[in-house]
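Presented sequentially are two complexes of subunit A, the first with subunit B as partner and the second with subunit C.
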Partner chain A sequence: MSALGEKINQWWQLLVAFREKQIRKREEQIYHPFWVMVYKEIADHVRSWRFLIMGALILLTCMGSLYTAVQAMTSQSDQAASATSPGFFFLQLFTSSNGTLPPFHAFVAFLGPLLGISLGFDAINSEQHGRTLARLMAQPIHRDDIINAKFVAALVVISVMFFALTFLVMGTGLLVIGIPPTPGEFLRVMCYFLITVIYVAFWLNLSILFSVLFRQAATSALTSIAVWLFFTVFFQIILNLISSAIVPSPDMAPADQVIRAQHLVMNLSRLSPGQLFSDITTVLLRPTIRTFRPLTLSQVVGAIPNPLPLGQSLLIVWPQITGLVAVTTVCFALSYVSFMRREIR
Partner chain B sequence: MLAYVFYPIGILWMMMSGLKADTVAKATDTIHTRATIRLYTPYTKISVHPGQSITYNVDVTNNSKVTQNVDLWVTGLSPAWNYSLKSGSWDIRQIAVLPGQKESVTLQVTVPLRINKGAYRFYLHAGNGTTLPLTVIVAERGIYKTAFTTDQPNLEGAANSTFTFNTTLQNATADTQLYALNAEVPPGWDLAFKANGYKQVASILVNPNSTQNLTIEVHPPDQVPAGKYRIPVIASSGSTGAELDLEVVITGNYGMSLSTPSGLLSTDVTAGSEKSLKLTVTNTGSASLKKIQFSATTPTNWDVTFDPKTIDELPAGKTAEVKALIKSDKHAIAGDYLVTIRANTTETSAKADFRVTVKTPVLWGWLGILIILVALGSIYYLFRKYGRR
Partner chain C sequence: MNEPIIILDGLTKQYDQLVAVDHLHLTIYRGEIFGLLGPNGAGKSTTILMLLGLTEPTSGKVRVCGIDPVTHPVEVKRKVGYLPDNVRFYDDLTGLENLIYTGQLNRMTKKQAREKALGLLSRVGLSGAAHQKAGTYSRGMIQRLGLADVLMKDPEVIIMDEPTVGVDPKGAKEFLELILKLSKEDSITVLLSSHYLLQVQEICDRIGLFVRGKLIAVGDISSLSRELFANEPFIIEATVQHPLSAYSDSNRIVDLQQLLAKIEGVKQVVVEHERVKIFAAKDIAPQVARTIVHAGLDLISLSRREHGLEDIYQRYFEKETEIAV
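Up next is the complex of A and B:
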């Protein structure tokens, strides 16, 4: 008994020594100032109330939607399997719902932008407001490192959070439905995770841009929210108005004219980053979707309704992915330029 | 008158010597009947087949003034012939006829089955003097055995057709025969005997001197080579039997299969572009195929062309290669489509279903990557321009 206790004690001593060595090593190591700022920013974010609240909100709603998805799958699994694609049980965790709550991907599309905005709207102007920016600039650091660190830190937080959330959903789903994902499904979920991070990064960049442009944190926050509201609510209303104006009645006009008009409306709707994101997630999580265009009967003749490989699904939404990445990059570039050319003092 | 004179004397003589009296009485009867009894039947010379039975209706007429008791018997028939005398459902030997009346007697004669061709004469006797000569001409020689015949012993057709022979089994013996039916067919052939409303049978009961129609159906195997095939069919019972030779002439069969050299029936094509596909056509039949034409059922706006367009002749067992050029629709959506390719001749056809996976052209994908690279490049340019200040 005492021999065992001694052994455990010995191991414990070793563990403590190792840990102390690690801490000493970290303290001794000289980091690049950029990474110091990133660590500091991450620490600030993780401990801030608004991140905790947003994180808890997203976690709760996503768990709720996961629960409804699992319920929907277990109660009407036959129907669900025949209605969507057979053999893609795992992806249904992210898309199916029994109607009481929206599915997982809808919640992410709705709350993701809010998270991005909340992490970025006071990135620069609060520093300016608290007069810490000038003090920061007095340190021997590059000026662009500040905005880069702000962006990277928020991106790391977002990535970690969605990574954790995705795996939480996958793990819970694995426990409940007991069917492991196929490699194809796993890759699709990983692509979905990456696209989500890019989408949230777009809103983060937008809010950082506003935080550079506006001196008041409240103004930039409200502007960001306004843009988000515009794209989620009003843009759809405007689109409906446009489509009722230009799309002729299918009873009166020739079919190709109707299709052309609808195509135009569809392309207009893709001006909204939210629409781009929902297009991408729909195709990624539903492998049976083969196209976005209005289908003519001649395209369907002879088609075998079976799922697409991941590469082909990605090719379908490649324009959307390009657009999303491009708009995110452009937002970052704008905020970068405006920060660099700005008089700070 | 004479009878009246001799009658008392006869009685006297009878009384003197009892034994002789009967003979005397018979003698007097004979004298009387010779003139008074007449036999008549209209058909006195009949031509028949062996085994047939003849019915004579004979009228026995009494022309005398007294009732006559007439003995009836037949002579001149060999023991193989059966006969019977009947009247009013009774088998009779003697018949009584009232004066001036006539009675009907039926004489039934059965011609034996084993008999030579020729004329046979026999007599029906009535009383002592009257005879009715009857002649039976046997038109053919009686065989006394089984005959298995068909009108058409030779049939011709393709290997996948059914050959139906209509045959007749005749039992020309005096007994009921149970015939076992057998046929010697080459391996793989199928032969069925059918009788009595197309019921398949293995043996059949035929009554004496009757016939039974048999239908023989022959199914050759599909892969049988062209040629002449002799099929002996035997009907045998314990005592008798007959054999019939049937002949089937196979002109060959037609079969074709369509595939690819590797057997893989799927391919992929980029939307709007072409894909060349190698097909193999194999003649699986035993006759050569002529003028094989190719066609395809495709989704709308797709096109399949073949090189060569037709194959003029493909000998049995040989394989030919054809190139198919599948051109997909520019607007085909990504995913799987079904393209059915057919090879047709007038005799047979073959088809193959191809699963064609349509891929989106990658051009736009590269353009997208280019746009992303430009965006990232601009960021790098900004870093270089504004950074490190």
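Up next is the complex of A and C:
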């Protein structure tokens, strides 16, 4: 017992010595001002109450949804449930639920935007309101370094958080269900992680854009949340209205007309970044999905209901991925341009 | 000493309709303290922002330390320290941490930055508050922290925008003396803008009067006053207690004004209610007193003073508005 204690103590000493050496090394190194700013922003985020609250919220809900997923899976496993999606048991950790709580990916889709907004809504205007922007700009840095550093810092925080969360879910799931993921499943989860980061980065960029446009942090936060609410709640209602207006009843109209109308509604729904994200995650986490289009009976006949390889799944949602990356980039470009043109007062 | 460090040549900045800075020509030499004086909205801040490359001039040329801030803003900002008006710091960092951050942005290591920051904090008298959060600092302390912040980069030039706004008179005086001391010790050129004349008057080597985007006079205080008040270097102010308003046709005032104007050497007499201002070429205070008493008025006070910056400023400003009208 004491031998073990001694050993642990030794390791601890080594660890402390290593950390001190790192700190000393960092003290004596010259960093590019950009990374100095990124470092400070990350420190600010991690220490802020709002990040702690959002982090705790996301962690709790995700653990809750993991619990229900595991419950659903253990009750299913006795039955023939595993036969419906053979070999992809592990992915169900992220998608299944016993009905009491939404599954993991739905929670992330819901809370991720809030996290992005909370990290970005006061990026620029708080510096302006606190009158620190002019002082910062008078340092020998380029103007775009400021907004780039703000974006990169928040992105790093988001990435680390979701990386940890994804592995936490995988690790816990591994302990509970005892079935390791296949390489394919692991890659799918990693792709899912990347897409989540891009999706949250979209909301981050949108809120940074508002933080450049509006001088009051409260205005930019409310505007960001209004956009988010619009896409999560009202957009769906509007779509339903449009759909009921233009999609004819299948009994009354020829099939191709019905299909065309439904295509139109579907494409309209993809104007929402949330829809793009949910399309991508659904396909990534459910390998058995092979298309979004409405299929006629004749197209289904003869198809073998096998799961798709990762490459093929990605190919299905490639347009959605491109779209998501595009809106994220456009948002950042807009905030970049408006920040560069802003008069410093 | 006579090496130019800031050169402005025909500098103009136009916002839509408004001309904020109008063909500004100015040269500031190394080691001097230059005061840019003018009322609010005269274009002082805009000029300063153009010096730092934070705003682009509409036309004209700027050189700071021989560098063009329009094309090389980062190089200029490496040599120029800027203290904005109403400067603030990150409230949740300590004063020391704020300075270290600035030092690191100027490519120092954390260690160098800490040593330098501690040294500067003691020079500006903030050693005791180094580990206090900047959010708890008083206005005067923040201003001094701002001075330390500006000195972190070993600047050749310090530009300060309204450095005494919001600081109590005693604090402002101490602060300006600190600026004077530090700039002489390190032989740094200082350009400061202000609308508060009396304070700035004491520490500036030269002053530029800035009204409506135009520089209307440049020079040290004595030369400015000599130029302006060449014929009337003395001012005598008298307070006369009398219900002057009781005289319906203001007979007595006119009377007094005429009487005073007859004294030899008097250039101008201005009567404002109970106060009488006499501009004169000679020191004629006794004659003035005698005249007032002889006129049967009660003389309450009589004072004699030389022209200060305020008179200069007011005189120029009056001229300028006359031209504008």
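Brief remarks on what is shown
Convention: the second predicted complex is superposed on the first by the 317 of 345 C-alpha atoms of A that agree within 3 Å, B and C clash if a C-alpha of one lies under 4 Å from a C-alpha of the other, contacts with A are read in each partner's own complex, and residues count from 1 in each chain.
In this text, contacts are C-beta pairs under 8 Å (C-beta built on N, C-alpha and C of every residue); 3 or more make two chains touch, one makes a residue touch a chain.
What you see is a predicted model; the values in this text were computed from it and never measured.
When both complexes are superposed on subunit A, subunit B and subunit C fit side by side without a clash.
Touch criterion met: A:Val36 reaches subunit C, while subunit B stays clear of it.
Centres of mass aside, this uses C-alpha centres: at subunit A, the angle toward subunit B and subunit C in the superposed model is 170 degrees, to the nearest 10. When both complexes are overlaid on chain A, the residue A:His142 reaches subunit B and subunit C alike. Contact with neither subunit B nor subunit C is seen for A:Phe107 once the two complexes are overlaid on the shared chain.
Once the two complexes are overlaid on the shared chain, A:Arg341 sits against subunit B while remaining clear of subunit C.
Touch criterion met: A:Arg290 reaches subunit B, while subunit C stays clear of it.
When both complexes are overlaid on chain A, the residue A:Thr132 reaches subunit C alone and has no touch with subunit B. Of the two partner chains placed by the overlay, only subunit C lies in contact with A:Arg26; subunit B stays clear of it. Contacts of A:Trp318 after superposition on the shared chain: subunit B is touched, whereas subunit C is not.
With the two structures overlaid on their shared chain A, subunit B and subunit C come no closer than 6 Å at the level of C-alpha atoms.
In the superposition on chain A, the residues of subunit A contacting both subunit B and subunit C are 142.
Residues of subunit A touching subunit B in their complex: 142-144, 290-291, 293, 295-299, 301-304, 306, 308, 312, 315-316, 318-319, 321-322, 325-326, 329-330, 332-333, 336-337, 340-341.
By the touch criterion stated above, subunit B contacts subunit A in their complex at residues 297-302, 329, 331-339, 355, 359-360, 362, 364-365, 367-369, 371-372, 375-376, 378-379, 382-383, 386-389.
In the complex of the two chains, the subunit A residues touching subunit C come out as 26-33, 36-37, 40, 44, 47, 130-132, 134-142, 343-345. By the touch criterion stated above, subunit C contacts subunit A in their complex at residues 45, 49, 52, 54-55, 73-75, 77-78, 80-84, 86-92, 101-102, 104-111, 146, 149, 153.
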